[in-house]
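Shared chain: chain A. Partners: chain B in the first complex, chain C in the second.
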Partner chain A sequence: MQRRTLAAVFSALMLIGLASLPAVSAEDKPTVIRISFPGAGTGGRPLSGGSFPSNAHLFKEIDDEFKADGIKIEWKFFPGAGPALNESYANGLTDVAFGHGDLPLIVGRATGLKHKIVLSSSRFGNSYFVVPAGSTAKTVADLKGKRLATFKGTAGQLTLYRWLDKFGFSDKDFRIISLDNDSTKAALATNDIDGTNITPFDLQARGIAKSILEVRDDPKITRPGTVWVGEEFEAKYPQIVQRIVTRLVKVAYWSTQEANREKEFQAWATSGSQAYIDYKKDWDSVPDLRTRINPLLDEYYVASLKSSIEETKKFKLIRKDVSIDGWIEPKYLNQALKELKLEDYWPQYDADGKVKTAARSKLAAN
Partner chain B sequence: MPGFRTTALAGAVLLALSSTSAHAQSAAQLKKELDALRKQVQLLAEQAKPAAVDPKEVADLRQQVKELKEQLNAQAAPKGATVVAADADQATRDANTPATQADIQGVRADFENYKYETARNFERKVPSVTRNTTIGGTIQVRASWQNPAQNAGVDNGATGGNTTYQATPRHTGFDVPSATLSFAGNLFRDYKEGKNLSYLLGFATGSNFSGNPQSTNSATRTLGVSSPNGNQFNVTNASLAYSFFPTNGGQEDAKGTLTAGQQLVPFGLEAQANEEIRPVINSAQFTSALSGINTRQIGLIYRGDSFVNVDYTNNYRSTLLEYAFGVVNGSGPNKSDNNGKKDWVGRVAFTLPADYNSWLRELKLGVSYYKGYNNLANTTSNAVVQIANSTRTGFDINYTHLPFSVAYEFAQGRDDTFVGLASAATVSSPTFVKKSRGQYLNFGYTWGEQFLTSEKSLAKYDDYWPKSYQAFVRFDSFDADTLNDATARAGSVGDKTFITTLGLNAFFAETTKLQVNYLLARNDAPSTGAYTLDRPRRTQGLQVQFQYGF
Partner chain C sequence: MSASIDDPSVFAARAAVHREPRLAALLNMARVALGAIAQRTVFAAAGLILPALVILLWWTAAAHRSVPEQLLPAPMLVWQTLHELWASGDLRSHLAFSASRVAWSLLIGGSAGLLLGFGMGLSRTLRAYLYPSFNVVAQFPVLGWVPLLIIFAGIDEALKISAISIAVVVPVTINTLKGIANIPRPLLEVSRVYRFSPLQVLWRVVLPAAATSLFTGLRQAVMQAWLSLVFVELLASSEGIGYLIVWGRQLSQPDLVVAGMVVIGAVGVLLDLALRWLASRLQGWRRGAF
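So, the complex of A and B:
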């Protein structure tokens, strides 16, 4: 009797357990592609903005690409940003990342995460040093010993450290606290922090913060974002990866069209992480959208990645060396550019972030 | 004929255009003309359909209409506005359309309405507290079955209170073994460094039995004597804590907190685990059998860590050293000191400094020590005649690397005990050290993302929570007297219980889980060799419990 009961309980548990296991497809295409963004909209909304991969989600480009194949796209937006995306991937829950920042990308690889970089998701951009509206600080030096906020573990942390480095300081000269984007804005409003890097225009319009310093499109301060594919996924489904990359390049092309500037700014602003005015003013200095919306893995991308690795080690955020050998896989991008006849559409930059090969005119591309 | 139509069409457009350029007309007039012109173009285009119309002429006409529209836009646009192309999309038009005073007033009115509504709701419908407070609670609802039947007068084994002693044997039962309510918040928030002063207040349902558990006779245990505690709702946590280390700097900062008041004792793993995180429905036996660590205590306890390692891969934090030490009165919850001695507790745990992706992640070893003093009483006079030593030592090892988890814990008690009868004990009665020992080994396997911070905090529109399942098996033993020699001490045998638990937890909402436990309990033979109904040789049982929090 006891054995029978025990066997019945075991069987029930096994059945429940088996039922909960993820379904495994025997086909040569996945049933689902899990695409992750290192961020989320204000209030935990599943939205992202500020890049052409965001457009791929906002305008349902990837969903449409695989609709006919019956492949479901599972979009993931992590309020925990880049580090959370790493955790998801480390646990086998993400296939593709749309726009990972340099710091979490590098520390992920340093600790054994294996992925292939297939595109650059963004580059350049302005950077601002922002203080509460009532602050008397005029320079970074005026804030020495004070509280600066950054979202630790994200690309923003390296950006802040570069700012400090630029003015001859290190993180030890300040009290650096970790806050996410929304909390940083709130902390500026309540004077709980003394400074941070954030796009200031919305905060200025609301009278709660002001920018004291601004760096425009400095390749030494900001670094490109990255689109990567998990190594296992890439090895298993190369055709699927190619379709994702080709579609993304198409979206990148669309995103660089001047006629679409306003449409994408307004779509990006729906996430709330940055206000419309922030996009509008931050991008006012960009007459050709291809400057920032550029998917190329050119010399600048590679040199930036190497520099970020060096900085990450210098700031003691990783202990191990990181090699870029075999990390960047440009074949999908090259194929997409060829297929779409966009080989010379984007400008290519050298290691210093200067134009090496000018882009062809947009008119010709059209 | 076609030539005539084309000429007429061109003539109409040119007439309209020339009149436009010749007179400085108002935007309204211009619009009116444009509409009329559009109609004419449409009409003539329809008339010209069957015939071959020169596409170049049509294109020219279209261009003229477009220019006319742009002229209209320019006249209609307020001063300073950018003129947009006629074929611009709505987003571009919106971006170049300035707001009017009426628009701004409309937004202002909306804001005022919102402010009014918020203020009224806050005043009338939102409860308020003096200080920042988070209210929470946990409730368990359980059904159980066991064979052989639970004997009359034996408690129902509820873990959190509500223990009932039934009058007749039973195989099944329904219980709400625990219901808790907690309040937590800041008394002082240090914005600069996060050295906060916080508080915790918790309540739990207490004993609610109708019999007298102190009775040695099963029958008399069911007579309906009132609970000696007299409480239905007891204070569990009542403490305030001060952080000596900054708490807002980031994960790489060490922690250090002094907690004063009634709180859990930092001993081992299971004794500190609350209902929310414990996988098994019933706690390990030693946590309820060993006094001192089996209840909350009142006193001062400092908890901290050092040598922090943060893996920025996913902001995984581990500390090489965790420690806790403190002094408590040793009387248990809601009781003042019952003797002149204080109890002391200390715990040290080491976590291997490993990266998040390392297989050695979350491998933790800990040792615990509790030095207490028990009152030994003459059970005839109820007078305390001696203050006895009571020590607890423990060792634990925990490895949680999802989906696998392994935990082992060992605890030993040493209690001075009268050699002779307690009913005749005096201040000089000899005592011996009774050793008791408990240990458990738990293997777990998890499907799903319940325990991943990244996945459970995913941005979603709905009330998302990752569904997870956790299967485990636990082997738990407790020996109340390790001598195990009936000739030397009769009570040292027949006091050991070994429980194997096979379980599955299903997490299907943020604070709710369904737990199914199958238990097989085996008791060792008493010195008489005869098992009793109160303590049968083996018992198997099934527990199904919903646990939900708010």
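So, the complex of A and C:
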């Protein structure tokens, strides 16, 4: 009797175990991962450029990573940029974001979107104040009361506000209209706007516009971009998230190799939102690619996010407060760095954007 | 002429019949009046059922989070946003911008429409030359004009006002033309008998007879202007009600979007009511003119 009961319990347990086995493996593996970029190429082309996550798409790194598992990667590109990415995520149509500017990221969190920041997609970068070719303006002050363009709701808006702030103006001193990248270029050509922030080299070469001021890699003017994973997806598929992050760090490493500089600029230019010459000249001031291609969530990243939140509040772009508690999840990044032996590969910056721990010499890398 | 209800002889006869049971008649009248009021109330209530249902659906959907709050704001939040917008003066300044755009377009498009309409209505020659072309051009929606207008007018005020003006010209012209074409011939013949000067014909015959149609044109024009305004303000603006909606979307504040829509609807209804009232006032003037 007792033996029988035991056998019954045992076989019942076996059955449960068997039944739950396929369920567990289904939990481990989604059939599709939906990865979104906060932008699209010119005319809505499904391409992105300018960052190492773009390389992950352009060189099919993520697709390759999951090919053997039969997991499909669905890439999404939004001409509506960061705000459109928020809408997509709110609609349950995005699992992972391969870059998100500070403003839409914070706005999304303020409206209750739940995601985990897993690594940074980019940092620093030059910023240019550009006017139509025929403009007589020499300084930002010359443009007071005139029409400036920015893509409102994107990180570009805060960058422009910081520019204006730097020269002692506020957004109220100008008429600021919202235009996307393509329209901004067209509007410069037709003199419909008097100034904007855009990479100018291609426009300059074509005689459309000229840069009157340039700020190089100022940690206070631009802010890092962010790669995040939806909270639900992260909770459900932690191994998948780890594989995405590890692969991204690998791509980041590849992207910092001097030998790949030309290759990636050419790949980025296929999106058409910036020309090859724009990347080439914009990155000329970066002898070590690790300055801008840096996935770390270091003190600088955290401090930047905090000051962006303060600015967003100051400009009344959010109504609810945003806390960074439990938002940043560095464990995947740390694991990836350890696994790839890249812990000291990238330079770490302090809250002011100054190098705190220098990067290891490139020669020592691998 | 046949006898009608306001013929005094008929009235006298009916009064005589009803003289005896006066009270009953009064009661009957009261009943009829009450019935009419009740019927009206029922009618008004019937019209409210659908909006009430929609609001109820919206309310429950928002309360149960069946649609994410980033996409569908709660009705109370929209109300609160409207309140804040009004209190901060933002709403008034945006409305002022939009209203001035509509006013300029009505002035420009309306004058052009009246000129075209009167010209083609009064002169057969002009009509022969212009009407076919006008008819073709009138088929393009404002939306279709915008890309072309951007090339010529840029993206600033000129674009907005020219696009809205185009939306205004068409209904004004068509209704003016229709109003003049539909003037009863006998009226014009009588004016000829009286040897009216052309100015007198215009003032005492054409204008009063065409007034209803002119007003229909104006009402349509105002509505068209208001609707196209919102569309053009979605493009490259930094102020106005349409801009408020785009801004709300960019900042993931759908309550701002819905608040903007509510304001657009409310202003539209108010404009229409005001114009209808004005039209009914003018009907009086029209009767006096005959």
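Heads up, the rule we're going with is that the second predicted complex is superposed on the first by the 339 of 366 C-alpha atoms of A that agree within 3 Å, B and C clash if a C-alpha of one lies under 4 Å from a C-alpha of the other, contacts with A are read in each partner's own complex, and residues count from 1 in each chain.
By definition in this document, contacts are C-beta pairs under 8 Å (C-beta built on N, C-alpha and C of every residue); 3 or more make two chains touch, one makes a residue touch a chain.
Quantities reported herein were computed from a predicted structural model and do not represent experimental measurements.
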Open item on the list: Should chain B and chain C be called a clash or a fit once both complexes are overlaid on chain A?
Closed with: clash
Task: chain B versus chain C as contact partner of A:L317, first or second or both or neither - done: both
Task: Touched partner set for A:V107, first chain B, second chain C, both or neither - done: both
TODO: Tell me which partner A:V229 touches in the superposition: chain B (first), chain C (second), both or neither.
DONE: neither
- [ ] With the two complexes superposed on chain A, say which partner A:I176 touches: chain B (first), chain C (second), both, or neither.
- [x] both
Open item on the list: Just to be sure I read the superposition right, which of the two partners does A:P79 touch: chain B = first, chain C = second, or both, or neither?
Closed with: first
- [ ] Please indicate which partner A:A259 is in contact with in the superposed arrangement: first for chain B, second for chain C, both, or neither.
- [x] first
Open item on the list: By the touch definition at the top of the document, which applies to A:N91: first (chain B), second (chain C), both, or neither?
Closed with: both
Task: Which partner reaches more residues of chain A (counting touched residues only), chain B or chain C - done: B
Task: Location of chain C clashes with chain B - one stretch out of 20-28, 128-136, 164-172 or 182-190 - done: 164-172
- [ ] Once the two structures are superposed, pull the chain A residues common to the chain B and chain C interfaces.
- [x] 83, 86-87, 90-91, 104, 107-108, 110-113, 147, 152-153, 175-178, 190, 192, 317-318
Task: chain C-touching residues of chain A, taken from the complex the two chains share - done: 83, 86-87, 90-92, 104, 107-108, 110-113, 147, 149, 152-153, 175-179, 183, 187, 190-192, 317-319
TODO: Give every residue of chain B touching chain A within the complex, in rising order.
DONE: 88-89, 91-92, 94-95, 191-193, 248-251, 311-316, 355-358, 402, 447-449, 452-455, 457-461, 467, 469, 471, 502, 504, 506, 516, 518, 520, 538, 540, 542
TODO: In the complex, go through chain C and note every residue touching chain A.
DONE: 68-71, 151, 154-156, 236-238, 246-247, 249-253
Task: Of all residues in chain A, those that touch chain B in their complex - done: 2, 5-6, 9-10, 13, 16-17, 20-21, 40-41, 44-47, 76-80, 83-88, 90-91, 93, 103-104, 107-108, 110-113, 147, 152-153, 175-178, 190, 192, 259-263, 265-266, 280, 317-318
